[in-house]
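Both complexes below contain chain A, partnered by chain B and then by chain C.
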Partner chain A sequence: MASINYATKEINCKLVYYGPGMCGKTSNLQYIHKASAAKCGEMVSLATPGERTLYFDFLPIQMAEIRGFSVKFGLYTVPGQVLYNATRKLVLRGADGVVFVADSQWEIMQENVESLQNLKDNLTEYNSKLEELPYVIQYNKRDMSEVAPVAYMDYLLNTGGVPAFEAVAVDGRGVYTTMATLCRYVIRDLVHRFESGSF
Partner chain B sequence: MRLDDLILDQEDAGLLDQCLARFVEDTGVRFSVLMGRDGTAIAKQGDWTKIAIDSLSALSVGAFASSEALAHLAGEEAFNSIYHQGVRSHVYISMVGESHLLLTVFDYNASAPLVRLQARVATESIIAALARAYARTRAARASE
Partner chain C sequence: MTTTPITRPERTFGILHALTLGTLLFMGALCAIPLRMVLPAVQNLPLPAFTAAALWGVEVVLYALFAGLWSRQALLTVLGIGLGVATRLAANLLIFLLLRVELGTLFKTDNTYWLFHLWSIVLTGLIFLLAYKALIEDLCAILVPTATTATASKKFAFNDKAAAPAAEATAPPLPTAKPVKHVAPSATMTPIFVTDTKKSEEKVSTLLAPPEGFVPVTPLAGVTGTISLPAKVVLDSVPEAKNLLLANSTVHVPMSYLLPQLPRGTAWLTWQQVFERGLGVTEQGEARKDTEYQGRWVRIPPKYFVPQLAQSYFTAKKTPPRWMSLPEVPQEAEIRFE
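And then the complex of A and B:
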């Protein structure tokens, strides 16, 4: 649910980082928070004592102005663990764009596929489709020893041919490229809908 | 138009601000925030300047969503509001139609029953103002 406020000259958009448990969704936000502290608000993490996301992480970030409007993105992560699907569905509500964070390790491929299907199923419940949303993929953990080739991950997870980025989120590699690309897509989508009168 | 997208022109935003300002004034609460169910703050009034409104909104929506899930488990369709009582500050969150929430933070200057009552009154005018904004946006689309 994007909102445009002409009185405050603000545009607000919601981006959701989705993916299987331990794939690095929270690491993406933590890196952005650390590296762009001046542009970010307070990061909220609702996590278990073991630092697994229990509900969501939230990071507000302010981007450059567009046509006199300040653009704010709310970045959310979902809990990846299978049993938290109800929570994932709630966090997904009103998303303007999605990053699917896949774990590049061979042994996680099945979980990647299941999580992607779960994302599609949950969007369906909001009468939405992944193909209709601004959407990018991140192949995270490329620094691990047993990783699948990008071509294979594309074959498994990227049948739509959306932009996909290799990443090592804990070191920041690929983090900004992923976020910046999605932000661009979301804004382009917004402008397109606005100018075509379909917003 | 996506169902829950929202454009507020100056007049819409002004109407919402008026609704919230009246509510804040009538009850003596510290501040009140109208937010979408996606966690985005739409309008705010009162003494909110030292508060991280974005985080507050995201957490409020999360807390309310949890209460809804609890309601289902308890055999209820939904809880219309939730109330967190603190030592000095209290938080009241109530539904505004299907897609929005009204968050109110207050202290000893305001009484909880009055806040609840006036929130219901304010909700009616907020719903009318939001309906106007959505209707105008849809009309603009139809005329394209």
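And then the complex of A and C:
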């Protein structure tokens, strides 16, 4: 749930990067942090020596000014490993938008499906539904040798027909497009809820 | 196990312990002085004689309970009362001496220092609790020989070396169990493991099985086609079957089992489902036997069957969520990075 500070004229939104282990969630944030250092704050990351996120990554970023309010997004990643579900659930709490990062490799298809289902299950525990939350899908690691066709991944993961993007997060390909698209939908949703009085 | 009686040094230690902690009495008395100083009105509060007597009675019962609880001996219970009252009087005496109050008031029940007495009771009780536990136990050991064993049994002691052989000789023989001949297991002793080599840091061998919560599929009615897979896919799951399958051969899997599993990302079929139409015949014309693999699971990654399917299988009607149809916010164009 976004927070609005009328005194400082700030809107803070929470975006969560969700997906199976090693799919490139942290790589997304690292690229944004590296390439947009002027707009970003300090990136907080807690990872194992194997570069697996242990708790979560956090990157604050200032994006735009909407109706006189400065909009800030807090980008979070979740640990992808199955056993860290409690942490995932905790990070997911109060999210305003989700980027589901899928690994495009054939071998990871089942993990992608399971992770998406896990996302839905965790949102259900917060009395929410994925369909109610602005979210986009990123098909990451498109540069790998054995990747599934986008049509098949769409069939597996994008049942709602939401925006989906091919990406190579380590090179930055598709990273900004994914985030900017989600940010726009989050802003639209926020403004709509604010105007309709449901905020 | 036998127990050794309390030794003499332990007894003296208890008495010394009590005497040492008795200094707390003096310290407590010192602590009592400020109370009197701070609350001068205390001495003017009236206290009925029967209330004072009742308090003394409660105190005596408490001493008796302490002593009785520790020793579980009637004699020691009485001794506890005596010790408690003596300590109480000693505490009072010290306190009154320090406060320069005349000794005559010490034994009176109608004095006005009831709060002071209450403080004295608490103080004495605590000292009694701390200091005289060991003393009572030791006195108990000296005065009542039967109580010695009861107290000593709570303590750990090694068996006496000399007594040990005798104790063993008198011990009843242990019951002997009948020797059991272990039969060799009939099932194969070679566990089937699949090692996940794609993630170098997770080289953990796991028994090949469908994921938790897997629900076996029912074949799609009216679907008769097959998908050709390299036999290697089956052998990856059931490596012992290499005597039946050649790695470079092809296996034809019924589509009716694969299509319902498309949304899973990976298909899981049993050996029977994969070889629904049999394994064919041997060179001698006999049917190949595969009974030992009947219950085994075969994991079929999507890359082996999805490319063979028409794209029409992957087109489904999608209903966009509500938030996708919201009108644009004018300033949202500012959201850009480049």
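Simple rule for what comes next: the second predicted complex is superposed on the first by the 199 of 199 C-alpha atoms of A that agree within 3 Å, B and C clash if a C-alpha of one lies under 4 Å from a C-alpha of the other, contacts with A are read in each partner's own complex, and residues count from 1 in each chain.
We take it that contacts are C-beta pairs under 8 Å (C-beta built on N, C-alpha and C of every residue); 3 or more make two chains touch, one makes a residue touch a chain.
Just so we're clear, the structure is a prediction, and the values are computed from it rather than from any experiment.
Because the two structures share chain A, they can be overlaid on it, and in that overlay chain B and chain C fit beside each other without clashing. In the superposed model, A:A95 lies in contact with chain B only, and not with chain C.
With chain A as vertex, the superposed Cα centres of chain B and chain C define an angle of 60 degrees, given in steps of 10. Judged by the touch definition given at the top, the superposed model places A:I66 against chain C, while chain B stays out of reach. In the superposition on chain A, contact is made by A:A151 with chain C only, not with chain B. After overlaying the two complexes on the shared chain, residue contacts for A:K14 are found with chain B alone; chain C is out of touch. Legend: residue contacts after superposition of the two complexes on their common chain; A:F58 is shown touching chain B, with no touch to chain C. More residues of chain A are touched by C (comparison of chain B with chain C).
When the two complexes are overlaid on their common chain A, residue A:G74 makes contact with chain B while staying clear of chain C.
In the superposition on chain A, no contact is made by A:L83 with either chain B or chain C. Of the two partner chains, chain B is the only one that A:N5 touches; chain C does not reach it.
Superposed on chain A, the gap between chain B and chain C at their nearest CA atoms measures out to 14 angstrom in whole units.
In the superposition on chain A, the residues of chain A contacted by chain B and by chain C do not overlap at all. On the side of chain B, the complex with chain A involves touching residues 1-10, 13-14, 17, 36-42, 52, 54-55, 58-59, 62, 65-66, 69, 99, 137, 140-141, 143-144.
Across the complex, chain C is touched by residues 22, 32, 35-36, 39, 50, 52, 63-67, 71, 106-107, 109-114, 131-134, 146, 148-149, 151-152, 154-156, 158-162, 176, 179-180, 183-185, 187-189, 191-192 of chain A. Put simply, chain A touches chain B in their complex at residues 1-8, 12, 14, 41-42, 44, 46, 55-56, 58, 60, 72, 74, 76, 86, 90-91, 93-95, 127, 193, 196-199. Residue ranges on chain C touching chain A, taken from their complex, read 198-199, 201, 211, 262-266, 301-303, 306, 311, 313-316, 318-324, 326-329, 331-332, 334-338.
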